[in-house]
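In what follows, structures are represented as C-alpha cells.
Next, two complexes with chain A in common: one pairs it with chain B, the other with chain C.
So, the complex of A and B:
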C-alpha cells in the first residue's frame, strides 16, 4: 500500500475506474458497429502521418476552442479556460509529483498533491510550481464563474437561446461546477496548516484559523474527491462524453472516416462528440424566424443518442446547413439527419420504369447543359444561359430540355436513397455515352448532386463558375452598368459547395456590389429549401421575409442570386428586381 | 355641412358620388391617375350581356357632370385623419380638405403575372394576360408574337388566385366567367382558332353564367381541360409549349399554342393597401375590412369612414355598382343623423 493513500481518495478512484471501463465498453462497441468499408479505411490510414495534423487540431479545438473564440470571445474563453486549464492542472500536477517524489508515485498523487506533500521545498523551484498551479486554478475558476453567469445571462455570450439538458447532464454539470471551488477550499485548508500553498491558496489559507482548518481539512478533500467521482461516473452518460469523444472523432476524421448512408459506429461517435453547447439553436431559421423548438440539431442528436427521435423531427429541417457552419465540433449534421429519413423501403419501383427509354446524344465537342427541374420553373435563367452559349459559340446538349429525369438529390434529401441512386445511374450512363467534356448546371441542388453524389469523369460547373471563366478568359465581353446589386448566397451553392467568390467577381464586373449583413457562410436560407417537408407555406414565407429584409436593407436596385429556388422565393414577395446572375450577365453582354 | 370625400374614381366612386350629389351632398372625388375609370378603359365587352364597356364608361362619366361633384384627377390621397367629428383628407401636395364622411373606393389591381415565372410572362412574347387579351379583342388585333392570327389559344385559370405559393389563397371570383366570355369573343372574331381553357373548378355562380359556359361548348366549340399548367417554354418557332396534367383523364400532357392567356386574379390595389393600413381597417390580403359582412358591409371600425367596391374583396362591375349604391344610403343616414345631433 502506498504511503500516499487516504480513504477520501476512494470516490475519485472509483470514478476514474468506472469512467475508463464505461468509455472503453462504449468505444469498442461503436468500433464494432463500423461497416466493412469504414474499418478498411481506418486500418489503411491508422499508421500514416495524419495523426500529426489530428494532434494539431485536437490542441486547437479540444483545448483552445478556436472556433468558439471566433464566434464570441467570452464564450471561447469560458470553454478554453476550463478545458485547457483542467488539462494543464493534470499535466503540471503530474510533473510536480514527478519532481517531488522518486519512488512510490500513485497516479492520483498529482490530483491531491498538496494534501500529501507538505514540504514547500520538496524539490528545487517547488515554490514556482505552487504559484503556477494556483494561477492555472484561478484561470479554471474564472471559467467556472463565467459558466455560472452564462446559465443566467446567456446573452453576454452571444447566445439568445441555450439548450435544455437531460438528468445526467445536470448531475455532471453541478459536480463539474463544484470540483474547482472545492479544490481551492481544500488546498487553502492544507495551506493554513502547512504553509505549502501558492499565492492564491496560501493567501486564503492565511485567513483561516488553524484549528478550523484542522477540523475541516479532511472533509473538504473528501468532498472534492466525491465531486470528481460523481462527475466521472456521470460523464459517459452525459453531454460531457464529448470531452474524450471529440478527440477520438478528430482522429477518426483525419484517418478518412465519414458518415455514410446509414447510422453506423461513426454516427455514434459523432452523437457523443456533440457537447450540446446550443450554438446551433440561435441561427436555425426554424428557431430564429418561427420560434420552433426541439427540432434543432442539438435536440435531434440528443434524442437520437438516448432514444429514437420522432420522424417528424427528422423531417423538420431545411437542410440549409447553417448549424453546420456554426458547429464547433464540425459534426456532419445533415447526413445524420438524412440517415433518419429512411424511406428506401417504400416500394416505388414502377415509378422509374420509364427511365430506360431515355436516349443519350452525341455531344463530342459540346458541353452538357443541365438546367435542373427548378430552372424549368424560372425560364428566364434558361433563356439567359442559352443566349450566353450562343454568344460565345459554345455548342451544347440541353440534356434536360424535354423528357428528362431529375438529378436525384431531392429524393435523396427525403430518404429515398435507392430511388435516387436509380436516377443517378441513368444520368451517369447518359452523360458518359454523350462524350461531352463538361457539364454546366443552373441549379445549385443539381450542382451539389453532380459534384458530390455522382462520380463523373467530366468537369462539373455551376453556371456562375462557367460565366466567371468566360469573362476572365475574355471570351465573353461585358460592360458595367450603374445598378446597385446585393448577392444572396444560396445554401446549396455556398455553404454546401463553397462557391462564394465567382458570383461576387461576376457581379463586381457588371454592377456595383453592395455588402449585406449576412454573407457567405452566414447567409440566410430563403426558406424554400427542398429539405423541409413539414413547415407550411406561410412559415416558409416568414423565413423568406427575414432573409429578404437583410438583403433589401440598403435599397439595392437588384437582388441577385444564383439559384432558381431562391429566385422564386424572393420574387413572390418583393417589388425589388430579383434576378439570377446569368440574367444580369445576359443584359450586360457587349454585342 | 353636407360634404363627403370619395377616394377613387372607378365605378364604385362615381356611382356613389352621383347618388350623394343627387341628395344635395357636396362630393369631393379624388382620383390618383389622370383618368377616371382607368381599369375599364381597355375593356371590350362586359359579362354576362356582352354590352360594350365603352357604353358604361360614357354613362358613368356623364354622371360626373353634376354641380355638386368636384373631381380631382391626378390627386393622390396620402393621409386621412379623424378631426373631431369631421374628417381631414390630405393629398400628396399637402392640400387638406375637411369633410363629414369619407368613402374609400380605391379598388383593386391585377396580379403581376411575372411573379409566376414558370408561366413565362415577360419572358416569352406568346404569353399574355387576360388584360392584354381584352385589349386585343377590343381593337380586333388578336395576334401572336409573330403578328399572325393565332391558330390556337390556351387560357389558364387561377393565376395568382387560390394559390398558396403566391400568398393569395382566395378566389378572385370573376376570372372563370371572364375566360368563358373572352373565349366566345375570340371565337366570334376568329372562328377557326382552337380554344382551350385549363381550370381547377369552373365557378359559374352568377346569373346566366352557366348558360354562357354551356353555349361556349355547344355553339363555339371551346374545350375545357381540368388541370393546372405547371410550366411554359418557348419552341424553336416561337410558339409556347405548355406542360400540364389532365386530372380527369389522369394523364400528363404537352401542348403547343400560339398564345397562352393567364387569367390574372384581383389583389388589393396599392392605394387600398396603404390607406387600409393607415386607417386601421386592414383585412385579409391587404383588402379593407368592413364591420360585418351582412348588415354593416359598408361601415368600418371608424365612425364616418365607409368602404365600397373591390377595395373590400374581388367583385364584378355590377356587384361593385350595387355596393356603391348601398354605401350611399348608409352615408346619407350618417350625415343626416349628424345634422340632427348638431341641432
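So, the complex of A and C:
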C-alpha cells in the first residue's frame, strides 16, 4: 500500500469515510422509522424479482435522467453528463487500475490513477483507456460548464425561476463545480511530467512547462482531493443527498412501499431524494400567476427536511398536482403535504352524528348516481345526467338528491383524516346496503375519493367514462354538430386519475375538438381547487384567468369541462359558453 | 311559513365590555376576507350540513364577530368543509378557511 499513498489522499479518504458513516446512520435511522406495515411489505418483497425493474429504472432515471431529457434537452444533458459521466469515471477508473496492478491496490487508486501510475504502457491497451478516461472527463466537464451557464441563464434550460439554496447546498455545489476542472488540471500536470495522459490531458500537458508542472503537480492533486473531500462531507447535509437516496427510493417503491397518513421513514427517504432542482417552481400556479415564493414543493420539502416546517406553507397549496407531473424523481408531494396538514387536536371523532339516520335505498339492478356537493350548484349537470339515464332506460338511485353527505375528500385534503373517515364510513354503508352494481359521480373530487380512498366493492365511474361507454356500445346515439370546442382537464380527473381519453373521444364524436396549449398532464388548474384555504378569492380569480386565457386563445364556441367546480370558476369570468360534457351530450342526443 | 331551520333571534343586549374581542382580531389577521361579510345568508342556504341540522354559518359568524364564543366550538364541528358556501358567497369571503381558523383559534383559547 505504501507505494500508492501520498498525504494528499487524506482529505479524500476522510470525506469518503465520513460520507459512508453519515449515510449509513441516516438510512438505518429512517429504516427504524418505518411503521410495521411498511416493514412487513418490505420484507415480503425484498427477495422478489422486482429488483430487476428497479435496476432498469435506476439506470434510466438516476444515470440517464430520461424524464429531464423529455422536458428539455440541455437540462437533461447537463444532469446526465455529470451523473453518468462521474459514474463511468469511477467504474472505468476501477477497471483501469484492476488491469494495471495485480496486487497491492488501495481503493483510491482509480481516483488518483495517473498520479500513481506513470507508465503509459502499464498494461496492453493502456493508451485506449487513457483516451477513454479523457473522453468521459470531457463529457463531465461539458456538463459542469452547462451548470455554470445555467446558474446565469436558466432560460436556455427551460427554467424561468431557479431555486434558492441553503448554505450546505452552496458549499457542496461549489466543490462539485471544482472537482472536475481540478482533476483535469492535475492530470495535465502529471501528463506534462510523465507523458501518460490521453488526448485531452496530454494535449494540455504538452503546453505546460516541465518545471512549472513539477512545482504545481502536488498542490493541484491536493486541491482536487480537498474538493472531493469537501463535497463528500457536505453531501449528506445538502441536496446532493439525493444522489444515493433516489436510488434507494426507486428500490423501495418497487418493493411496494408508499406514503401513508403520517410522516414515516419512507417520508424521510422521499425528503432526501428531492434534488431541489426547482423544476416544480415554474409551473406552480401560485408562482406562475401570483408570484408567491417559498410555498412550492421544493421549499416545503426543504423546510420539512431541516425540521422547520411552517404550517402556513403546508396549507398554501392548491393540490393541483402540477408539480407531481413535473417532478423528475416522482415524489408523492401531495401526500407529504397532507401529512403536515394533520390537524391533530381539531380532528375529532363523532362530529357528524346527524347523518346516522340516513337510510339506504334498495337499488338492486340500478346504478347509484352521486352528483357531489358542487354539482348541486350546477343543476344543469344533474339535469343532463338524469336525462341521459332516462334516455338509455337506466334505473338509478340519486343518492345525494336531497340530503348531501360530502365524500370526505375536502376534509382529508385539509388534514382532518378522522372526520373524513367518519363520512366515508357512512357513505360506504349506504352504498353497500343499496345493492347497486355501479356508482356514477359527476364530481372529479368525489370520483377520486371513491376510487382511491373508499375501497368500494362496486365499479366507480365518472360520468365522462359512463357516457363514453354508452356511446361506444351504441346505447346512446348522438349527432355531431359544428361547434368548436376546447376541453379543460380538471386536475382531479386528469392528473389525479388519468382520465384524458374518454372526455376527448366524447367531444370528438359530438363536436369539433380544438387543441389547446396546455393539455392533459400540463393542463392549468382553474384556481378553485379545494386544496388551498390560504389564498383569497381574488387570487383564485387570477389563476382562473390565466387558465381561461389559454383556453379561449383559439376562439372556441364552447369551453367544455368535466368538473362542476371548474365550470363554476370559468362561467363567472367569460362570455364564452362554458358547459359540462354531460350537458353537451344531452343537447346532441338523437331522440 | 316554510321552516328554514333558523329564525330571527330574540331581542337581546350584548355588553361589549364583557366580550373578548382578541379572537376576532386574530381571525381578521388569518382570514382578511372575514370582514367583508354582509350577513346575506347565502352560505347557510346552500350548506350541506344545514340540510340535516340547524347548523347555520351566518349565525355562527355573527356570534363570533360579536365575541360570543360559547358553544361555537362544538357547533362548528358539524361542517363537512365541502366548500359550497365559499363558492356561493357574493362577497368573496374565504369561508372554509374562516371555519378552520375559527376552530383553531377557539381550541387554543379554550386550552389556555
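By definition in this document, the second predicted complex is superposed on the first by the 584 of 591 C-alpha atoms of A that agree within 3 Å, B and C clash if a C-alpha of one lies under 4 Å from a C-alpha of the other, contacts with A are read in each partner's own complex, and residues count from 1 in each chain.
Methods note: contacts are C-beta pairs under 8 Å (C-beta built on N, C-alpha and C of every residue); 3 or more make two chains touch, one makes a residue touch a chain.
These numbers come from a predicted model, not from an experiment.
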item: Clash or fit (per the criteria above) of chain B with chain C on chain A; value: clash
item: In the superposition, chain B vs chain C on chain A residues touched; value: C
item: Chain B versus chain C as contact partner of A:405, first or second or both or neither; value: second
item: Partner chain(s) touched by A:102 [first = chain B, second = chain C, both, neither]; value: neither
item: First (chain B), second (chain C), both or neither touched by A:537; value: both
item: Partner chain(s) touched by A:482 [first = chain B, second = chain C, both, neither]; value: neither
item: Partner chain(s) touched by A:416 [first = chain B, second = chain C, both, neither]; value: second
item: Which of chain B and chain C A:393 touches, first, second, both or neither; value: neither
item: Contacts of A:379 with chain B and chain C, given as first, second, both or neither; value: first
item: Intersection of chain A interface sets (partners chain B, chain C); value: 376-377, 537, 568
item: List of chain A residues in touch with chain B within their complex; value: 376-380, 382-383, 537, 541, 567-568, 571-573
item: Complex contacts: residues of chain B adjacent to chain A; value: 114-115, 117-118, 120, 123-124, 164-167, 230-234
item: Touch list for chain C against partner chain A, complex; value: 32-33, 46, 48-49, 51-53, 77-78, 80-84, 86-89, 92-94, 96-97, 100, 103-104, 107
item: Residue ranges of chain A in contact with chain C within the complex; value: 343, 345-346, 348, 351-352, 354-355, 373-374, 376-377, 402-406, 408, 410-411, 414, 416, 423, 528, 530, 533-534, 536-538, 565, 568
